[in-house]
Amino acid sequence: MDIASVIGLILAMGLILGSIAMGNAPFAAFIDVPSGLVVIGGAFAAALIAFPLKSMLKSPKIALKVILNKGEDRLGLIKQIVDLAETARRDGLLALESKVGEIDNPLVKTGIQMAVDGSTPEVVEEVLRTETEAIAVRHKEGKGIMDQLGRFAPAYGMIGTLMGLIMMLQDMSDPSGIGAGMAVALITTMYGAIVANVFFCPFAEKLGLISRNEMVSLEIAIRGVMAIQSGESPRAIDQKLKTFLPPSQRGEE
Amino acid sequence: MDIASVIGLILAMGLILGSIAMGNAPFAAFIDVPSGLVVIGGAFAAALIAFPLKSMLKSPKIALKVILNKGEDRLGLIKQIVDLAETARRDGLLALESKVGEIDNPLVKTGIQMAVDGSTPEVVEEVLRTETEAIAVRHKEGKGIMDQLGRFAPAYGMIGTLMGLIMMLQDMSDPSGIGAGMAVALITTMYGAIVANVFFCPFAEKLGLISRNEMVSLEIAIRGVMAIQSGESPRAIDQKLKTFLPPSQRGEE
Amino acid sequence: MDIASVIGLILAMGLILGSIAMGNAPFAAFIDVPSGLVVIGGAFAAALIAFPLKSMLKSPKIALKVILNKGEDRLGLIKQIVDLAETARRDGLLALESKVGEIDNPLVKTGIQMAVDGSTPEVVEEVLRTETEAIAVRHKEGKGIMDQLGRFAPAYGMIGTLMGLIMMLQDMSDPSGIGAGMAVALITTMYGAIVANVFFCPFAEKLGLISRNEMVSLEIAIRGVMAIQSGESPRAIDQKLKTFLPPSQRGEE
Amino acid sequence: MDIASVIGLILAMGLILGSIAMGNAPFAAFIDVPSGLVVIGGAFAAALIAFPLKSMLKSPKIALKVILNKGEDRLGLIKQIVDLAETARRDGLLALESKVGEIDNPLVKTGIQMAVDGSTPEVVEEVLRTETEAIAVRHKEGKGIMDQLGRFAPAYGMIGTLMGLIMMLQDMSDPSGIGAGMAVALITTMYGAIVANVFFCPFAEKLGLISRNEMVSLEIAIRGVMAIQSGESPRAIDQKLKTFLPPSQRGEE
Amino acid sequence: MDIASVIGLILAMGLILGSIAMGNAPFAAFIDVPSGLVVIGGAFAAALIAFPLKSMLKSPKIALKVILNKGEDRLGLIKQIVDLAETARRDGLLALESKVGEIDNPLVKTGIQMAVDGSTPEVVEEVLRTETEAIAVRHKEGKGIMDQLGRFAPAYGMIGTLMGLIMMLQDMSDPSGIGAGMAVALITTMYGAIVANVFFCPFAEKLGLISRNEMVSLEIAIRGVMAIQSGESPRAIDQKLKTFLPPSQRGEE
């Protein structure tokens, strides 16, 4: 679980709810179901137009990734690659066949399997790079959904507020109702700003970061497989791959 | 038919119409024909200035693509390429001549025809890549029209609202008319926001996505043709091209 | 003449003037000479600061290009290149010397002249590419002027409106004048929005499109010259260059 | 200490506080603790959702970097590289082993150590480039946090203002309270604009500049190490690396 | 002196001052010293935080460059390079030694000096390219300062207006003062818009253009030096370098 994201979500919602509680208006003044429907429903409807149904159905899972992601265990990945390199050095590339089942990282698994099967380094690299690109495309779509939700939510908030203002302006016979009418109209803009800035925009940012981190791990995996196949020494591989770690993590041999 | 886009469109319009129905203002309060003309007519006029007539006339067809696109059948494309590779392996490249007529994908068709006619791999690749670029340019123009409509609609909405406000401010002798005048002025901004956020902007996003997907299929087609021409084994081609599929789809042999 | 741009301009202006005519305020209410001077004069002044005098003096001619451009005759260009290739094939490269005078396209002319004069293919390509880049830079500056005018017009519109509001707020002794004062203040913002969205922004878009189209023709010209110089067969050149055409145009042999 | 940043901070805060002091409203009118909590707390909460806890905890240190950075001593770095090159020229590459301990720049240190240990130039360059990329990624994240804070602060300012307006509009029974209610509502927007434009946005800009400067020093270090390893003459190295300095600094031999 | 920039500046200021003179409010209504301090002082303070003191101190000189730049004399530069090429052709590369002192362009000077001193073409090009990159970085920083001033000026304008509104709303006991209070509050936003759109934004645009032009001249210089060193004929060099000129300037032999 990504503790920072959880704390951030609780803090953002707590600040907003706390501010309302500290004010002298009742909570009910901030609740308007049709406004909520226009903002959230509208943003999802616009995203549904723009993205495939399959991707949209996966979007709650993608959003959960922000909260549940555990970070990349790059040190473990490098350790496993170096282990494989040692086996390959000692017993030959074919000796890795028996170890393929134990490999966690799917890219390393595919690469080692192909190397054992006798694919040339060029073909192995091409396959792994295409795979990486495909993963990048999937990530980009996930982030894109959040980006669009964060862009459409305030837009539908503004549409709702305009509708509310037009309704209010139609009937100004009772001046005492103007304030309340305008308050309701503004709620939609507020909802749009809240869902965009508490959920969609920070979530999109985080998904971008998670993706960039995963891309680095995939790069480590590709370079590791290529180095094993070209018979580099485990020590050289370890040194080369550890440059991807922050200095503080490198000491842990 | 792209069910997600249809649901999204119905949902977005339903939410907006439903909100109006739930309010206490009559529907008529939200209808103003001159405002609609300024927003939609203005956005199309600006797009007509910016794009060729031929492209503008195709824009309804392009917009329909958002609703009617069926998605790429990449698995079928790969299967067909692997079939061709098997024939080429068994009976030689020239044996593909009789099969050219059955090929659906125009890029594969062109490529195989050229290979059979004896063009060198470099020439075949150059022709296919130029073709792909030209398709990308056409897609970009289609998306560009939607992008510009989505940008000009709110701009003309604002122009209409400013005109309405100036009219209203000219004649403030009857204070009871101010509210109604302002309501009418705001309708143009609301129309601009609605057509941009229900139609043009999500449509532009979707066209970008459809284009990116088609580009991947074109890349599969090019790599497939190149692999057939260089005589790679059908199994290797299958493995290489399937890296373009999401893992879940790869199992289906 | 680019009929779409002309129709678009007439339509956009017609919609705006028609809306005013349909309203109940007199035309005079929308005319304010100082506002017009601040918006249009201000935008041109800012562009004068940002661009060389020479480029600014050419800007009306550039703007006219949007209306007068006839589109690229790529089919004719390809035909001429294939004709040259046939002559070169039949009678040798030097036989093209007598035909140089008939070549319309300046890039093809320069390239063929250089090839006849004995320049190496590398030098010919370098010269043609540098020329193309220089044309791209000139186009970019033309589009840049329109972009900046489209950005400064609304900015000076806002400056004018702020000046008008400050004037109005200085003297609120006569409440009946407030409405008219505010109307005049808003006219500047409206002018800025109109000139940006009817003229400058769509013009900038169109200039970008015209430039991209011309770049494709220049690419056809360069590839054609290179192919002629390297002695490719007219048929291969025809096929290669026609990939730059939309499929519908290719059939016309 | 970066004197410019400190002066800038004091000047910006002084101008804002001075303007308030010169006005006729008491200081207390500009202080509202819940508004401050919503803006600053909200911006940090949104950043917490978007960035890892570890990076967020480092953000105060990163912000201090803006004030404490001393600038790059490129002249000293070049001098040290040229010294190493002279030793290598005179006594051989292995003679650098004893000098590794004295090298300040970690990249030069790593590179020389690897060269002495017998790594090939290709491997040395790959390791140093990967290291540089990793540093660039860390810098980008630091700047990214400031960028997001500078984007979320005004957003939460707007959310706070909308909440304040809704509260105020709920209760318009006492007209004399409307002004004060609206003033409080606007404070949140003002806080958001101030923290974004006095702190987060200029800090993000400065971090980008510091990073670009450091990248140039890293490039000098890499090129220096590569030149030493390939045995270039100290004079040539000095001349080559000094092109990275502004002309005014080059004279100092 | 760049006459266009001077005319533009006078025109922009004249239009703004003329509009005020034509209105019925006294000039004094548009002057508010604290507002000016907040906008201009605030923008410079934010830039001071973001840029090194040394760069900020050079910013007035950079701003003057917009007015004083004379444009590039590319024709003269090409003529000088062709002259040098003729000497080198006739009397050998070493004969250029005596001419180095007469060369105006610092890049050509450095390059010819290095060529005469016996540096290889690769080294000469590397040094000249690094130098060019360093100049590009310095230009970018100059433009960056103007960009940031043009971004911060309106931001501090808004901060000033919010402060003014809060002050005004605190004390609404005297309704007749509301208009004047609001007018003063709006002056800050107007100042921000004026300094950004009359000075900083057009200046940043112009600096970008001047830099791009200078980059082309540097490219001419580098290609000229490389061509001289590789012994190309003066006529070929002339033809190659003149492709960087607009066609109208090429005729002047």
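All chains are identified by letter, namely A, B, C, D and E, in their written order; residue positions are counted from 1 within each chain.
What we mean here is this: contacts are C-beta pairs under 8 Å (C-beta built on N, C-alpha and C of every residue); 3 or more make two chains touch, one makes a residue touch a chain.
Here's who's who by UniProt: A, B, C, D, E = Chemotaxis protein PomA.
Just so it is clear, the model here is predicted, and its values are computed rather than measured.
S.K.: Identify the chains adjacent to both chain B and chain D in the sense defined at the top.
M.R.: A
S.K.: Would you pick out the chains that touch chain B and also touch chain E?
M.R.: C
S.K.: How big is the rotation relating chain C to chain D when the fit is done on Cα atoms? Please round to the nearest 5 degrees.
M.R.: To map chain C onto chain D, rotate by about 145 degrees.
S.K.: Using mean CA coordinates as chain centres, what's the gap between chain A and chain D in Å?
M.R.: 25
S.K.: Roughly how far is chain A from chain E, centre to centre by C-alpha average, rounded to an integer in Å?
M.R.: 40
S.K.: Where does chain E touch two or more other chains at once, residue-wise?
M.R.: Correct list: empty.
S.K.: Following the ring of touching chains from chain D through chain E, in what sequence do all chains appear?
M.R.: Traced from chain D through chain E, the chains around the ring are D, E, C, B, A.
S.K.: Using the touch definition from the top, list the residues of chain D that touch chain A in their complex.
M.R.: Going through chain D, the ones touching chain A are 34, 37-38, 41-42, 44-53, 56, 106, 119, 123, 126-127, 130-131, 134, 137-138, 141, 144, 148, 152, 155-156, 158-160, 162-167, 169-172.
S.K.: Looking at the complex, which residues from chain B come into contact with chain A?
M.R.: Checking each residue of chain B against chain A gives 2-5, 7-9, 11-12, 15-16, 18-20, 22-25, 29-30, 66, 71, 176, 178-180, 182-183, 186-187, 189-190, 193-194, 196-198, 201-203, 205-206, 209, 212, 216, 236, 239-240, 243-247.
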